[in-house]
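Next up, some structures in C-alpha cells.
Next come two complexes built around subunit A: one with subunit B, the other with subunit C.
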Partner chain A sequence: MSAFNAFMQILINGVLFGSMYGVAAIGLSLIFGSMQIVFIAQGAVIILAAYFTYWVFTLTGLDPFFCLILCLPVFMALGWGLYVGLFHKVARAGKNPSLLLAFGLMVLIENLMAFLWTPNTRAIRTSYTAIGLSVGPMQISFSRLMVFIISLAATGLVFLFMKKTLWGKAVRAASEDMGAAALLGISPRRVSGLTFAIGIALAGIAGVCTATTYPFDPYFGFLFSLKALIAVAFGGLGSVGGALLGGILLGLLESVGSYLISGGWADAISYAAFLLVIMLRPQGLFGQSTRAA
Partner chain B sequence: MHPLLEVTQLSVFYGDAQAVWEVSFHVEKEKMVALVGANGAGKTTLLNTISAVLRPSKGRIFFLGEPLAHHKPEDVVTMGISHVPEGRRLFSRLTVLENLELGAFPARTRPFFQESLDRAFTLFPVLKQRIDQQAGSLSGGEQQMLAIARAIMAKPVLLMLDEPSLGLAPVMVKLMFQIIQALNKEGATILLVEQNVHQALEIADYVYVLKTGKMELEGRGQDLIRNPDFQRAYLGMLG
Partner chain C sequence: MKKPIQRSAYILVAIVTLAFVAFPLLVDTEESYLVYFFFMCFIYVALAQGWNLVAGYAGQASFGQHAFFGLGAYITAITWKAGWTDFLDPVAMTLSGAGAALLAVVVGVALLAKLRGDYFALGTLGLGEILRVVFTQGGTLTGGPVGLLLPSSSYQSLGPYYFIALTIALFTFLFVWLLMRSRVGLALVAIREDEQAAASNGIHVLKFKILAFAAGAFFSGMCGSIYGYFLFHIHPLGFFSLNWALLPVLMTVLGGIGTLFGPVLGAFVLAGVFELANLYIPEIHPMFSGLFVILVMLFLPQGMMSLGGKGVLARLFPFILGLSNQRERR
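On to the complex of A and B.
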C-alpha cells in the first residue's frame, strides 16, 4: 500500500469516527442551550447506551443497529425524566448546582455500571464486525460506515426538527431567551424537558455506535464528554451542523495525529487544538462572529 | 361589570427591597391606560407582576373578573394578556417569520395564524419585506415593530407595552405612537408604560403616575396637563 493510500485510509477513518463525536456534540450543545451548563454526564450516558446495546445483543441476539429503535424511546424518556424529575428543580437555584448535579450523575452512572457489570472492557462481535468494503485500495469497515450514515441521519433529523417544527423553533428561542419565550406561552419546563430528551437520545445513538465499533468500559465516558466538548468548541455553540463538522474535524485531527506522530499524541493534539480555538476563535470555526457564547 | 384588569393593593419585593407599595389601578375594556413615572417608579415591576414573572407579596390582580393568583407567565399569555417586555427581547438569531410564528404559540391562537399574520403585515408592511431576515439584523424601529407584531399574533385581549419608544429616533417614536393608537382604535385594550410623558398623556384615555413605587396621581390626560403639581414634576414647567 502506497503512502498516499495509507493516508487516505487514515482520513476516511477519521471522518467516520469523528461523526460519532459530532452526534455526542450536538446533544451537548442542545443541553447547553437550555441550561447554560456543560452536561458533563453526557459521556457516561453514552456508555450506558453502549451497555444497553451490548446486553440487548448478548441476551437476545438482536442486531445492534436494530437496537437503535429500542434505544431511542428509552433514552428520550430517560432524558425527559432526568430533566423533569431532577434538573428542573435544581436549575432554579442557578448554574452551579446544575453542574454539580450533572457531575454527581456522571459518577453515579459510572460506578453503577462498574458495580453491576464489572469494570471489564466489553466489545460486541457481530457476524459483520470484520467485514470491510473495498473502495479501490482502501478498506472501509462496514460497522463504521453504518455509524457514519446513522450520524448523518441523526444530524439531519435534528436539523429539520429545529428548523421546520414549531417546537423546534421554540427550543431555539428558549436557548436565546427563556424568559421571553415564557411570555409567549412556551412552558420552560416542557421546552427544556424536550431539549433534554433529544440531547439524551443523541447520547443513546452515540452509545449504540460506540458499542458496535469500539471496545468500552464504564469509565470510558468521561473522555467522550471531553471530546464532545472539543467538537462543540470547534463547531460553535448552538449550531447543529457546526457540531457535526466539529466532531468530524476532531476525528480527522486525532487519526492524522496518531498516524504522523504516535497514538499517544492524538489526545494532546486535540486538546492543544481545543485551546487554540478557544483562544483565537471562541465563537467556533464555523460559528457567526455575532454570537456571544 | 368588572373592569378588564383590576389591580388592588399590590406590593412587590425584590428580595428585601420593596419596589411597589400597595398600588391599585384598573383598565377598562377597549381603553388605553398609561403608567408613567421616572426610572425606578415601579412601572416595569407592575407589568412583570401581572405577567406572573414576579410574585406579589400582597394584593391581588383580577383579569376578566378572575384572580391571577397561581399562574405562570406561559398561562397568563394563554388567558389573553400579551406583554411586550422592556428591551423588546426578540429572538435575534431567528427570522422575522419565526419570531411571529412563536407569537402564535398558544394552541388557541394557532387556527387564526394566517389571519393574524396578514394583520401584522398590514400594520407593519416593512416586516413583510424582512420576513426571512434574522431579527437581530433589523433596525431599532423595526425590532420594536416586530416585538409588537409578535405580541398581537397571540390575539390578546389586553396588550401591555413596556417603553415602546425607548431608544428610537424621534420620527420613529411618532410612528410608533400612531400605530399604538391605531391598534387601540381597532378595539385592543392597551396598558402602556412610558417615560415619554408628553406622548403618553396625548394618546392615553387615563393616566396613572407612579413615584418610587407608590401611586402619586391619576386622572385623564387633559386634566393632568392642567395640574400644577404634575406640570412641575413631569412636564418640566416652572409653576
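On to the complex of A and C.
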C-alpha cells in the first residue's frame, strides 16, 4: 500500500471515528444550551450505554445495532429522570453547584460500573466485527461505517426536530434566553427536561457506537467528555450540524496528528487546537453567531 | 456586630494554629496516622484557598490548577536532580511556586484577556492536559511516562513535612485574608461582581485578574513541591492528575465559595469523609465519594458556611454567623 493510500485510510478512519465524537458533542451542546453548564458526566453515560449494549448482546444475543431501539427510550427516561430528580433542584442555586453535581454523577457512575462489572476492558465481538468493505485499495470496517451512518441519521433527526417542530423551537428559544422564553409561556422545567432527555439519548447512541467499534472500560468516559467538549468548541456552541462537523474535524486531527507526529502527542495537539479556537474564534469554526465568549 | 466577631475570628485562627503546632509534640509522628492525614489536609487547604482566591473572590473559575501543581513538583525534582537545591529546600519550594506563577502570568495574559466564565474554565483545563502530555513526552529531562525518581534515602521523619505543609497552609490563609482586606481585594471583588463597572472605576481588570491567578498558581506550585518531596517519585499521571484541580474546587464549594473559612472547613471535612470511607468501606469508597458530592450539592449548594446563619450550628458557634457574612460585609 502506497503512502497516499495509507494517508487516505487514516483520513477515512478519522472521519468515521470523529462522527462518534460528533454525536456526543451534540448532546453536550444541547445540555449546555439549557443549563449553561458543561455536562462533564456525558462520557460516563456513554460508557454506561456501552455496557448496556454489551450486556444486552451477551445475555440475549440481540444485535448491538438493534439494541439501539431498546437503548433510546431507556436513556431518554434516564435523562428526564436526572433532570427532574437532580438538576432541576440544583439549577436554582447557580452554575457551580450544577457543575459539581455533574462531576459527582460522573464519579458515581464510573465507580458503580467498575464495582458492578469490574474495571476490565470489554469489547463486543459480533459475526461481522472483522468484516471490511473494500473501496479501491482502502478497507472500511463495516461496523465503523454503520456508526458513521447512525451518527449522520441522529444528527439529521435532531436537526429536523430543532428546526421543524414547536418543541424544537422552544428548546432553541430557551437556550437563547431562558427568562424571555419563560415569559412567553415556555415551561423551563419541561424544556430543560426534554433537552436533557435528548442529550442523554444521544449519549446512549454514542454508547452503542462505542460498544460496537472499540474496547471500553469504566474510566474511558471522562476522556470522551473532554473530546466531545473540544468538538463542541470547534463547531460553536448551540449548532447541531457544527457539533458533528467539529467531531469529525477532531477525529481527523487526531488520526492525522498521530500519523504525522506521534501517538503520544495526539491529545496535546487537540487541546492546543481547542485553545486556539476558543481564543480566536469563540463562535466556532463554522458558525457566524455573534455570541461572545 | 463587627468588632467582637473579628476578635473571635482572630482567636479561632490562633487557637487552631496552636493546636496544630502542638499536635505532633503530643503523638508519635511516625506512628500516628493522623499526622499524615493532617499533612494532606494542609495541602488541600492551601490548594483550596488558592482556588478560592481565583474563583471565589476574583470570579475566574479555573479548572487547571493541576497544571501548576504538577509544574511545581517537576521544578522541585529537576532542580534537586541537577544539584541546585537540596532536600526540603525552601529555595526549591519558592522556585516551584514562582515557576508556576510565571506560567500563570504568561498563560493568563492570553487566556484572561480573551476568555470569560466557562471558556476560561475550559481553557485552563486544556492547559493542564497539554502540560501532562508535554511532561510525558519530555524525554530525559522529565523522565517520560515513568517520571523522576528522587533519592528516598533522604527521608527521616514525617515531622518536617507536617510543619512545612502547615506553614504553607497558614501562609496561604493569611495571604488571602490580608489581601482581601486591602485595596487589591476590593478590586478583585469588584471585578467579580461587575467587570465593566470595575473597569469604569479605574480598575485595571486584566492586571488584577492575572495577579489573583498567579497567586493561586504560586500556592499550587508550592503544594506540588512539598508533595513531590513526600512521594520521591514525580510522574505525569499522578502529579498532573485532574484530581488536583477538582478536589480543591469541591472542597471550596462544599465549605463555601468566596468565604475565608469555607475552603479550610471544606478541605478538612471532605478529606475526612474520603479518608473514613477509604478506611471503613474501601470497596465502594469512590462510589460513595461521588454520592456524597451529589448529596451536598442537592441539600447544601451554597456550602457549609451558609449553615452559619440558621439552626443549631449558629447557636452552638455564634461567631460562625459573622464569618459566613464576611462576603456580604465587604
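Basically, the second predicted complex is superposed on the first by the 291 of 293 C-alpha atoms of A that agree within 3 Å, B and C clash if a C-alpha of one lies under 4 Å from a C-alpha of the other, contacts with A are read in each partner's own complex, and residues count from 1 in each chain.
Here, contacts are C-beta pairs under 8 Å (C-beta built on N, C-alpha and C of every residue); 3 or more make two chains touch, one makes a residue touch a chain.
Bear in mind that the values here come from a model prediction, so they are computed numbers and not experimental data.
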First, second, both or neither for A:Tyr54, with subunit B first and subunit C second: neither
Touched partner set for A:Phe115, first subunit B, second subunit C, both or neither: second
Touched subunit A residues, subunit B compared with subunit C: C
Partner chain(s) touched by A:Ala93 [first = subunit B, second = subunit C, both, neither]: second
Partner chain(s) touched by A:Ala182 [first = subunit B, second = subunit C, both, neither]: first
Partner chain in contact with A:Phe148 - subunit B first, subunit C second, else both or neither: neither
Partner chain(s) touched by A:Gly264 [first = subunit B, second = subunit C, both, neither]: second
Partner chain in contact with A:Gly104 - subunit B first, subunit C second, else both or neither: second
Complex contact set, residues of subunit A against subunit B: 166, 169-170, 172-173, 176-177, 179-188, 238, 290-291
Residue ranges of subunit A in contact with subunit C within the complex: 36-38, 86, 89-90, 93-94, 96-98, 100-101, 103-112, 114-115, 222, 226, 229, 233, 262, 264-265, 267-268, 271-272, 274-275, 278-279, 282, 293
Interface residues, subunit B side, partner subunit A - complex: 51, 53, 72-74, 77-78, 82-83, 85, 89-94, 98-99, 101-103, 105-106, 136, 150, 154
Complex contact set, residues of subunit C against subunit A: 61, 110-111, 114-119, 121-123, 125-127, 129-130, 133-134, 136-137, 242, 246, 249-250, 253, 257, 283-284, 286-287, 289-294, 297-298, 301-302
